[in-house]
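Chain lettering (A, B and C) follows the sequence in which the chains are written, and residue indices restart at 1 in each chain.
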Amino acid sequence: MTSKGQRRYAAQGIALGCRADGRAGKDYRPLQLELAVVPQANGSARCLIGASEVLVAVKVEVNVPEEDFPDQGVVHFSVECSPCASAAFQGRGALDLGADMAGNLRRSVLGGSASMGGSLDLKALCIISGSRCWHVHVDGLVINADGSLLDALSIATRAALTDLQIPRVDISPSDDPEDEPEIELDDDPEHAASLDASRIPVVVTLAEAEGRPAVDLTADEEASCPGPRVHVAVNGRGCICGLHKQGNAPLQLEALQEMLALAQQLGPRLCKAVNAQCTAQLHGRRQHA
Amino acid sequence: MTARVDSAPADSQAEAFKRLYPDQYYRRFLSQNTRPDGRSLTQTRPASVVLGVITSADSSALIKIGNTTVIAGVKLEVLMPKDPPDQGCLQVNVELTTLCSPEMRDNRPTEVPSFLTQQVDAAVRGSSAWQPQALCIQAGRAAWAVYLDLYVLCADGVLLDACVLAAMAALNALRLAPVDVTDAGNVVAAGNDAMTDGTSHPQQPYALSKQGTPLTLTCAVIDDRLIADPSSEEESLAATVVSTTVDGQGHVMGLQHAGGGVELSTAHLQQCITAAQDRHTDLFRVLSSAQPPDH
Amino acid sequence: MQSVPFHAAERPLELLSNGTRLDGRSLEEFRRGIFLSTRSVSQASGSSYVEFDNTKVIVAIYGPREGGHSEGLYEQGRLQCDVSFAAFASRQRKQTGDRAKMSKQNAYEKELASQLCTALTPAVQLASFPKSVVDVCCVVLESGGSDLAVATCAAALALADAGIEMLDLVAACSVSRVGDQLLLDPTTDEAHREGGNLMLAMMPTANLVTSIMLAGEHTSAQATEGYRLSSYLLQPLA
C-alpha cells in the first residue's frame, strides 16, 4: 500500500516522461518472445513484457461447425490467471478477470458478433461445409502479473497463431453416401499448413496519468493511476480492431481520441517487433531442421 | 396543512408496526374482515392478458394477476417422432428470474421452479384439449415439438395461478403454420411448390383445440380463515396454501395442498372449489377477450 | 428429445434498398418504437421496462444490501449485475439440454453482465452506499439487436427509479459496420452481417464516456465517424 503522495509522485513521473525505470510515457518495457514452448500444442508462444509473463498455447481439433456459419471454423479463447502470478488472483476475482481478458482477445481477433470482419480467415478452417471444421482453442496462462497483461496476451496470441501448424486432412468418401465421409489426419509436420496470422492485432493498453496517455504501466504504476484504462487493438496497418474501456472512472471523448492516436502510432511498431522475432525464430528452426 | 403533518408520523408508525410485527399487523385487518390492500377476504385481484408481445416466439403472452407478472413464450421445433410415431411433444419449463423478488438475488436454488413446472405441465397435459396427435406433421417422419417457457417477472403471490394462466394464453394463441415434408425429410413452409408429397394439410395456420381450459385459484388459510388470491405477504403468513385447478365444466383437475402438517377442513375445501369455479369464469373471460395484435 | 429449429423465413440477404433499411429507417436513425417505463416490478427497489422495437428488456434493482464476505471487502459500494436471456428471446431457442451450448450461453450472459457493470459504474455515486451491494438484475425478453445498449439505458433508468445516487443517467447505443456503411442501432439481422460494431455508453449531460467497446477492423476515420455519430445522436435519447 502506498500513500497518496507517493501515488501522485509516480503519476506525475509518468506524465512528465521520467518513470521509476527510466522510461518515457510512450515507451514499452523490453519485449521477449519465444515460440513453440509447449511441445504438445499445435502452436504456442511465451511473451515477457518486463516482469509480466504470459503463455499462450493453441490446439486444434476436428469438430462440427456452428449452425449459423456452416462453412467457417470456430475459435475459442480462454485465459487463466494463475494464483501464483499475483496476490490479486485469489478466488473468484481471477476467474472474472480471465473471462474478461478472454472476451477481449476474442473480440479483437474475431471482430463483430458474426465473426466477420475479424483478422482470421475462418473459412480456411472449414473442412467439409456444414459438417466438419477445425476448432481452434487459444488458451492463455498468466504466469507473472506486472501490468500490461492483455498486451502480452495479445502478442503471445499473435505469435502462437503464427507458430500454429494445422495437420493436413485426407477426406475419403465412405461407401454409403448417407454416412459422413471419413477424415484422416496426416501427422507429418512437412504437410502441415499454417494460418495467416499477419492481420491479427496487438492490444495496446493505455492509462491516463495526470491527464496524459501512457502505455505499459507496471503493477505499481497501475495502482498510482486509478483513472480509466483503455485497451485498443491495432493491427500492422494501424487500423483499430478493438476498443474496450475498463475502470470505474468516466472518460472524456477528447482524451479518448488522444489515446487512439497514440495506440495507432505504437501498434504497428509493436506488430513489426513481434514479426521480426517470430520470423527470426521460425527461420532458425527451419535451418536447424 | 396541519392534518398532513399529523398524519405523516401515524403512517410511519403503521409502517414500523408492520415491519416489526407483520402477523399482528395483518391480524388487525383480518379481524375487521378486510385486507391491507383493501380487498375483502374472498376478493381476487384483477387479471390481464396481453398476447403476442414477443415477436421472436411462435406465440407469447404476458399476464398479470395483481402485481404478479408472468411471461410465457412458445418456440416450435421439429422432431422425428419415434414412439408413438404420430405424436408431437411438449416441454414446459418455469423459471423464476433473478429480478422477480428480493429473495431471488441470492441465487439460492429452490424447489419452487421445478414444482411450478410440474404443476403447469400436469395442468396442460391433463386437460381434455391436449392432443399430442394434433402436433403430428407426418406420422413417423415429422412432428412439432412445443417448447413452452415461462418466466416469472414479478412474484407477488399465486405464482401457480399466474403460470397456468400464462401457459393457457400462450398455447391458445399458438398457430401451427402449414408445412410440408420434403422427400429428404426436411420440413419447409407450405407453398414451396413441387416439394409437396400430396398429403392434405390445412393450408391456413391452425390452432390447437381449446375446450376445457384448466385454470387455477390459490387460497391461503390464515387463522382458520380462507383468503382468496393471496399476495406474497399473505402467503408468507399463511399456515397453508391450497391451489385448486378446475376446467371449463367446473371439474376439479388438480388440488395442491402445500403447508405440511396443517389440516384442511372439508368445508374449506368445498369453499376453495367453489371459489375456483367462480374464478375460472372470470379468468376465462379475460383469456377469451385477449386478442393477438395482428387481429 | 432431439428436435431441430424450424424457421418460417430465412434471414434477409440484402439489408439496404435505396439507402433505407428493411424497417424503413435511414442509416443514422434510431428505431422508432421506443418505449420507456419505470415501476414495472413491484417487489423491487426500482425497475424499468424498455422496448426498442423488438428489443425488450426488463431491469429490477434490489438493495443496497450488505456485501457478502465471499465477495471480498470493498470500501466503496459495488454494483452487481446479472443478465439473462429468456429461452424464446432469440431466433433460435436457448439450449437447455446441450451442456457445451449452455456453458457458451452462460459465458455470453456473464460477459454482458460485466460490460453492463462497466457502463453503469462510473455514473453511480459508489461512496453513497459504502461496503454495500446494489443488485442490477436484467432479463432480455426479446433480443432484437443492440441488446447491451438497450439494457444499459434500462438499467440506468431503473437505478434512478430506485433512488440510487448518480452523477447522471447513462445512455448507450450501438453502431454496426456492414460493408462500408455504418448503421445506427442495428437489429439482429443487421448485426448478423456486420463486419464490426461499436457500443458507446455516455453520461449525456456531463458528456463523459462510461464505456466504449469496438470490435472488428475499422480505419481510424470509420472509428471516429462511429463514435461521433453515436455520441451526437445519444443526446436526444437521454
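Criterion: contacts are C-beta pairs under 8 Å (C-beta built on N, C-alpha and C of every residue); 3 or more make two chains touch, one makes a residue touch a chain.
The shown structure was predicted, so the numbers you read here are calculated from the model rather than taken from an experiment.
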Of all the chains, which has the CA centre nearest the overall CA centre?
-> C
Centroid-based (C-alpha) most distant chain relative to chain A | B
Any idea how many Å lie between the Cα centroids of chain B and chain C?
-> 29
Gap in Å, rounded to a whole number, between the CA centres of chain B and chain A | 49
Distance from the mean Cα position of chain C to that of chain A, given in whole angstrom = 26
Counting only contacts in the complex, chain C reaches chain A at residues 70-72, 92, 107, 110-111, 114, 118, 121-123, 126, 176-177, 191-198, 203, 206-220, 223-224, 227, 231
Show which residues of chain A lie in contact with chain C when the two form their complex.
-> 67-68, 91-93, 96, 99-100, 103, 107-108, 110-114, 116-119, 199, 228, 230, 235, 238-253, 256-257, 260, 264
Seen from chain C, its contact residues with chain B in the complex are 1-6, 8-9, 40-44, 47, 54, 56, 58-60, 62-63, 82, 84, 86-91, 93, 96, 135, 137-139, 141-144
Flag every residue of chain B that touches chain C in the complex, lowest number first.
-> 53-57, 60, 67, 69, 71, 73-80, 89, 91, 93, 97-102, 104-105, 145, 147, 149, 151, 153-156, 177, 179, 187, 189, 232
